[in-house]
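One structure is given here, and the rest of the page talks about it.
Every chain is named by a letter (A, B, C, D, E, F, G and H) in the order it is written, and numbering of its residues begins at 1.
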Amino acid sequence: MDIGNMASILQAFRDGHVSLEEALNKLRILPYENLEFAKLDHHRSLRQGFAEVVFCEGKTIDQVVTIIKRLGEHSDNLLATRASQEMFNAVHELIPDAQYHVLPKLIVIERKCLPRDEERFILVITAGTSDIPVAEEAAVTAEIMGNLVKRVFDVGVAGIHRLFDQRSLIEQANVVVVVAGMEGALASVVGGMVAKPVIAVPTSVGYGASFGGLAALLSMLNSCAAGVGVVNIDNGFGAGRLASIINHMR
Amino acid sequence: MDIGNMASILQAFRDGHVSLEEALNKLRILPYENLEFAKLDHHRSLRQGFAEVVFCEGKTIDQVVTIIKRLGEHSDNLLATRASQEMFNAVHELIPDAQYHVLPKLIVIERKCLPRDEERFILVITAGTSDIPVAEEAAVTAEIMGNLVKRVFDVGVAGIHRLFDQRSLIEQANVVVVVAGMEGALASVVGGMVAKPVIAVPTSVGYGASFGGLAALLSMLNSCAAGVGVVNIDNGFGAGRLASIINHMR
Amino acid sequence: MDIGNMASILQAFRDGHVSLEEALNKLRILPYENLEFAKLDHHRSLRQGFAEVVFCEGKTIDQVVTIIKRLGEHSDNLLATRASQEMFNAVHELIPDAQYHVLPKLIVIERKCLPRDEERFILVITAGTSDIPVAEEAAVTAEIMGNLVKRVFDVGVAGIHRLFDQRSLIEQANVVVVVAGMEGALASVVGGMVAKPVIAVPTSVGYGASFGGLAALLSMLNSCAAGVGVVNIDNGFGAGRLASIINHMR
Amino acid sequence: MDIGNMASILQAFRDGHVSLEEALNKLRILPYENLEFAKLDHHRSLRQGFAEVVFCEGKTIDQVVTIIKRLGEHSDNLLATRASQEMFNAVHELIPDAQYHVLPKLIVIERKCLPRDEERFILVITAGTSDIPVAEEAAVTAEIMGNLVKRVFDVGVAGIHRLFDQRSLIEQANVVVVVAGMEGALASVVGGMVAKPVIAVPTSVGYGASFGGLAALLSMLNSCAAGVGVVNIDNGFGAGRLASIINHMR
Amino acid sequence: MDIGNMASILQAFRDGHVSLEEALNKLRILPYENLEFAKLDHHRSLRQGFAEVVFCEGKTIDQVVTIIKRLGEHSDNLLATRASQEMFNAVHELIPDAQYHVLPKLIVIERKCLPRDEERFILVITAGTSDIPVAEEAAVTAEIMGNLVKRVFDVGVAGIHRLFDQRSLIEQANVVVVVAGMEGALASVVGGMVAKPVIAVPTSVGYGASFGGLAALLSMLNSCAAGVGVVNIDNGFGAGRLASIINHMR
Amino acid sequence: MDIGNMASILQAFRDGHVSLEEALNKLRILPYENLEFAKLDHHRSLRQGFAEVVFCEGKTIDQVVTIIKRLGEHSDNLLATRASQEMFNAVHELIPDAQYHVLPKLIVIERKCLPRDEERFILVITAGTSDIPVAEEAAVTAEIMGNLVKRVFDVGVAGIHRLFDQRSLIEQANVVVVVAGMEGALASVVGGMVAKPVIAVPTSVGYGASFGGLAALLSMLNSCAAGVGVVNIDNGFGAGRLASIINHMR
Amino acid sequence: MDIGNMASILQAFRDGHVSLEEALNKLRILPYENLEFAKLDHHRSLRQGFAEVVFCEGKTIDQVVTIIKRLGEHSDNLLATRASQEMFNAVHELIPDAQYHVLPKLIVIERKCLPRDEERFILVITAGTSDIPVAEEAAVTAEIMGNLVKRVFDVGVAGIHRLFDQRSLIEQANVVVVVAGMEGALASVVGGMVAKPVIAVPTSVGYGASFGGLAALLSMLNSCAAGVGVVNIDNGFGAGRLASIINHMR
Amino acid sequence: MDIGNMASILQAFRDGHVSLEEALNKLRILPYENLEFAKLDHHRSLRQGFAEVVFCEGKTIDQVVTIIKRLGEHSDNLLATRASQEMFNAVHELIPDAQYHVLPKLIVIERKCLPRDEERFILVITAGTSDIPVAEEAAVTAEIMGNLVKRVFDVGVAGIHRLFDQRSLIEQANVVVVVAGMEGALASVVGGMVAKPVIAVPTSVGYGASFGGLAALLSMLNSCAAGVGVVNIDNGFGAGRLASIINHMR
């Protein structure tokens, strides 16, 4: 559409339907909707394969509702992250088919499931039970973007036989997302076990010198296993998105 | 008034109306009002073109009310930042023409608008919707100090066509204030686009390794674009003040 | 080989050729060579598709030479990172077909080029000229692991038209590695442009509040663009390795 | 030239001299020179009023020489920062009218002085003698960009009468650059004295808990005086550039 | 009493009233009262001139009440810091002459005022109104320990004439306590003005890059003025105690 | 049981009761129970002498109850740390003999006391009263794991005679756990007094530049006394566990 | 000797051979030798089982030589850490039986080997080859203090089969010292495998976001495996000393 | 002289010898000498009792020589800190009675010893031998400013009997300066022993998690002993200066 749009503008200019100045101006414009407090990037699903995802934190309830309503008019599927229960309630009144995932605090609208390749699944692993909310953010994100996702929770390295018991599942995965707080050692161990991409998500689970996830973050960045890419602390969405992009590669 | 005051003290001394000791003491005194818990700098509007601005955080409601009341007796226009709704309510009872801006938490008294040069406007840009409260603090600050302010919100670099669509507006601005959280990349991109001063305001929007705005702050300080000055995290007021000073230069 | 080995041990046990205790012990052993100061993981090329890569920093020259010599006896291709000129000289005496890349400080032995898919290339982009050594570490790593690599250097966001001029190349890439120091904004801008995985490598290029690459690292972790995975500061090798894994996915 | 270039491309397309595809491609290209290891932004002097400034740190001597040589062919005036004596020697052989400022480590080529408005000067102030190299980087940068610069060195707040003695000079300045290490208090005191923009440059002068300039940086960012913009630690160039932009505003 | 006690133990041993073993054991014991959850150092007023001060934070209400009750039986005067209103209420029921200072959250029992030298006063200065709670903690601490304390609040360096107006008072002080948040520059300016000891107290007043008082702390530690000693962030008590010790020196 | 289990699998394979593939799979499996959201390591009491300890923070109440219920079916004794009162209430309904320690927030089930060696006790020392909750976490942990524990609270170095009065008790201890916040100096002093292992637990007690326990942590890591091992901030459980392991050594 | 000394002083006092004042003074004195620039703690071998260990960093060569010479006159065995080759050379001239360990930079004098219990050995494990210098500091320290030490080097978690191959050795160890840089995950994995005390030593091996060992340090402090005590970064000596103390427990 | 000067200016103005404008200007001027690169504060010895002290770090040798030469013409006694041997050599050629203290890197000129009160001495204590250079900076500073200084070195808390052996000396001191690196615990222990002011100087002695003195700094700021003031890391000069000011109080 972008390139097509530029072409039609050029054509209109050659045909004399638009002036030089108009053409110059239009050529720089790509489609988005301006709500003043937000610029909705309707172009994104064309450019990146999925509609703009709404990051709700720091927005007012009114802003969230308005943005989701407008985006929902252009997209079958929609994702809003870090949404409070109050935000969902307000959205739900307007959009009855919106769903809320409590632990990961996600609002999901899924009217037309994207196709999934059952042969290639993403595996989301957590070190502990407390890491599940972040892991679910990753998993649900990847699912709505058209991926089969499997989950293995609570296989931290302190009882490493639990991890190794899942070895064949881990080795079959196409992409592995490792979610871990505290010292985040799971990423390195998994990274050494597989030949597939590993996306590491440090979580803020822990206390004291975990400094809100800093320990796990640094640990994962310094992983002695190659092939590990790291996202922000607690950023399950980013991990799910990146895993989905990789999983769709052919 | 300062210099005039010194001159009249000297004259009174030459004329023998004040003693040597009195003259020495008075020469060191400039006008301010002492409330004990605060020293009101009535001299500031002479020295810097706008009355002392009240920073409300950490003050009691009584202190805020008393300070605003006294300053209001000497100034037509007044600004109080980081004011809670409770503080405003108490001020409003005494000063009915005081107004409250909810998002940026500003109390504003504007009885005599300062003149604005419509040719020279300040542009306030945000990367996201969540950055608007800080942006509004900057914008309202600049407006009450006598500037035309235009706003462009939610044009972060992840969908950079939204930014480039605003290119001509950005290029026309006399001063640009860039407000961004997360990684704050918008400041560098805008800084590379314009030949005017850019004031960058990191915000605490983000999570995890944003560490309360530290990521955006460091990013802006290390901007590869020259011509960018940075203020404190979430310091919309400071950015608006500095933009106003620059915008008034002739 | 691993599974085969386990099977033959089990068979030998069933046949009574090895005792219960021996079988138990052998079952836990996978092939590696013990030099005492190092355990060479000859198993890795089977497990992860490329021989163990030698990290030379902190090792003595003798250790580096011995390790490379032994690994070279089992592998056609070999990579040693962070190698000093002195280390290379010592290696070169023993292994005349070893090559040295000065800027990225890599020792490379490539006797049997791995097949490359010319349709799918990895693009390595830098923000500045000073980021080239890290970028070359990524590029050479990916090349020896069997990838076509293209390079675009010095397209930082302060002159963003240089970047956009490379737009079609960027959009054609299968995986993009973004190497940037200072504020690292390039990762976010590129991340918003493409629908392919972006691997961000912060570099220690910069000064003052870049704090040895911390500014770029935090910036990249907080990228407002989804689909960005981050590796350690200056870790060109890790980025090249991860890009290669992703680029080989079918 | 940029807009003109776009217009002529459009015209050539309307006239049928270039195909649709060619026009689309050319429209995205702005003038720069590709040295592979660097992309020279010859466009910058048109866009921002001064040729691209070369940041030498982390570049090889050959790279620096080549870049300066090429840029010098398009510009009368040129600035290269953080250049070692060796770099200058190599440059000097090729370009005999290049000059070297030892303390700020600047290479300067100034063939055609830009006009200076003698009425509006930039004042560069330092807290101590050890801050002079950074201050000179700011001052020389501003001078070559067409500004009258005055200097006041070693007026830190521990002997505040030295500062107040310069009061009238400070008050006459159009823009003030404050360069200070240690606790950087000078920026706040000067910021409270003037009604003009203050650009604060923290320096790495100090020891112990100055942590390489961090103390001064945080101090300046938290200045209780409004109207202060901060640049990176030791970033004299950035301060000089920003001061020049502001000083040229009319 | 300590030495006296040791002497009497020795004498009792020489006289054969205590055995060798008993003497050895007793010689290591100095007077304190063991409440199990606390060891009350009744010896402290002998050793350091004032009874043990109770730090209430992190203690239960019961613990606070018990400790104050027991200490109060041995001392005329008592100080408890960081006490909540609830703690005070519980104490007040048992000890009706206990008083509560709301802003600094101090519980004070003062039955027998210590003598004060009216010639030598401690001056407590704050940069802003929000610093007053910490300043009062310092002032009240010094007062109950037998010092005349004068207060000057809200004389931050952004309006430095307010500070200089207090010059003679500052110069007359025997010890100066400077309490400041944000950038903490006041400590350096005052440190350069006086020849008396300056105790600097950084406060957590500020936001963003003040990082809970870190900016002011680093600033004060790096003060370019000699003769400044720094205490912990918000540690008004420590400053008051140190000021009192110094002020009592003859 | 682990080794025994492996042996019986091997035997079953030799006897032809299980296939090669089955044997391979079973050999990698060790006993644990899979609740999906948690993998209960029933194997741990065999491997490490005590059942898996439940870390409750970040888990839902339902998860905590289910985990404790299942673990309780396999173990006589059980420990759950960082449990809220609400968690305990829910557990208590199902398991009436569960007990709650309010200060350290521990849920304890102790049906069959482990034997204690009365000759070898662990000594838990705190610097202040506010450190008691962490100290109790350590003490109760060690007690349920079969150790005699003695406690000495509030013997910080500011009144060092209180510490020295406990000298003989300290010297008799088999292992010493030192719990201290603020500057954590107690660990160094105790470390210099004894020839037994000292486990240092920094606590988050303090304010300002204690930065949530960082000051005590760094202090303990840098202890000038050898023989000190440090655990995470506020990690009483870890200290108690380590002390117990050491105390059981023969 | 300490207690004996006190007893004889008391006896001399009872017998009237020393005055009250003399007795008081002597009772506070324990044996050490005063070199002015150092106080040699000859008492330490009595108090803690091994002579004072000399930390050479920051001392002049003369100071090191003098200290070692004096200590050597009172002890058969001696250890000096962080000694440069120059220091050793100077020591060696005076004390020909002194030995130098190059990698760990230790000076060792061992004239009378302490008895070793061959049944109980300390195992020192490293994640990589580059960690060996720190590991050797730990191992040699433990050896001279009378322990059998075994070494397993280069078994980091990226190739975890190398670690598991050493499983039985690890399980037989009485104390395990884990030395690892980068992300330090080895400590957690080993901690989960054994029921014996684990002493974790983070090393400064790594680069970028390892921040001089900070990543490994935080990782180890946050270990999800209980029973791990941590010492300072690169502190092989401390780990060896603590391991020795634990290994001698009966 | 300051006040006298102001009086004579006023008198000259009353007498008509100077104009109003001249009087206004002169009233703001206090005596200093302007070398352009430095402003020498000849006024300081009047204002603060000792001539300006030269901080040599970051200055060129020429600058140091010039400054010392000029200051030396106005003062009998002079101190220059952080001076290299080269700086001293250059100074020594011009000023033969200048002396150099190698360890603390001080240049001292002492032509007329200031009177010392032998009754009141400052005690400088170090934890280790490696802290002596910083301690000597403090001691020599205090001596030249007219104080009797006593030294006690190497009495760290790991062998606390060495410290207690000095108890009476410590108790007799008028001011105590405690110099310690590593964990800096000595400050707290000494602070609890005395009723006199304690000035704590953290040093950068240590390694690993001492982070250049940060551990000792935080430790001292969080001291559980009241009455401790802290100066910057390695700032022996600041401690000596503050100790001198306090010691001269009457």
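Operating definition for what follows: a residue touches a chain if its C-beta (ideal position, glycine included) is under 8 Å from a C-beta of that chain, and two chains touch if they have at least 3 such contacts.
A quick map from chain label to UniProt name: A, B, C, D, E, F, G, H = AIR carboxylase.
These figures come from a predicted structure and were not determined experimentally.
J.: Shortest hop count from chain B (AIR carboxylase) to chain H (AIR carboxylase) along touching chains?
T.: Minimal hop count between chain B (AIR carboxylase) and chain H (AIR carboxylase): 1.
J.: For the two copies chain A (AIR carboxylase) and chain F (AIR carboxylase), what rotation in degrees overlays their C-alpha atoms? Round to the nearest 5.
T.: About 90 degrees of rotation relates the two copies.
J.: Measuring from the mean C-alpha position of chain A (AIR carboxylase) to the mean C-alpha position of chain H (AIR carboxylase), what distance in angstrom results?
T.: Result: the chain centres lie 58 Å from each other.
J.: Using mean C-alpha positions as chain centres, tell me how far chain C (AIR carboxylase) is from chain D (AIR carboxylase) in Å, no decimals.
T.: Each chain reduced to its C-alpha mean, chain C (AIR carboxylase) and chain D (AIR carboxylase) end up 37 Å apart.
J.: Taking the mean of the C-alpha atoms as each chain's centre, how many Å separate chain E (AIR carboxylase) from chain G (AIR carboxylase)?
T.: 40
J.: Cα centroid separation between chain A (AIR carboxylase) and chain E (AIR carboxylase), in whole Å?
T.: 53
J.: Which positions in chain E (AIR carboxylase) are in touch with at least two other chains?
T.: Residues 128, 159, 193, 208-211, 214, 217, 221-222, 226, 232-233.
J.: Who touches whom among the chains?
T.: A-B, A-C, A-D, A-F, A-G, B-C, B-D, B-E, B-H, C-D, C-F, C-G, D-E, D-H, E-F, E-G, E-H, F-G, F-H, G-H
J.: Within the complex, which stretch of chain E (AIR carboxylase) touches chain D (AIR carboxylase)?
T.: On the chain E (AIR carboxylase) side, the touching residues are 127-128, 156-160, 182-185, 188-189, 191-193, 206, 208-211, 214-216, 218-226.
J.: Inside the complex, what are the residues of chain A (AIR carboxylase) that reach chain F (AIR carboxylase)?
T.: 128-132, 151, 153-155, 159, 161-162, 164-165, 167-168, 205, 207-211
J.: In the complex formed with chain C (AIR carboxylase), which residues of chain F (AIR carboxylase) make contact?
T.: Touch residues, chain F (AIR carboxylase) against chain C (AIR carboxylase): 3, 6-7, 10-11, 13-14, 20, 23-24, 27.
J.: Can you tell me which positions in chain E (AIR carboxylase) touch chain F (AIR carboxylase) when the two form their complex?
T.: Touching chain F (AIR carboxylase): residues 25, 28-30, 32, 36-39, 41, 43-44, 52, 55, 57-59, 63, 67, 82, 202, 204, 212-214, 217, 232-235 of chain E (AIR carboxylase).
J.: Any idea which chain E (AIR carboxylase) residues touch chain H (AIR carboxylase) in the complex?
T.: Its residues touching chain H (AIR carboxylase) are 47-49, 53, 174, 193-197, 199, 217, 221-222, 226-233, 237-238, 241-242, 245-246, 249-250.
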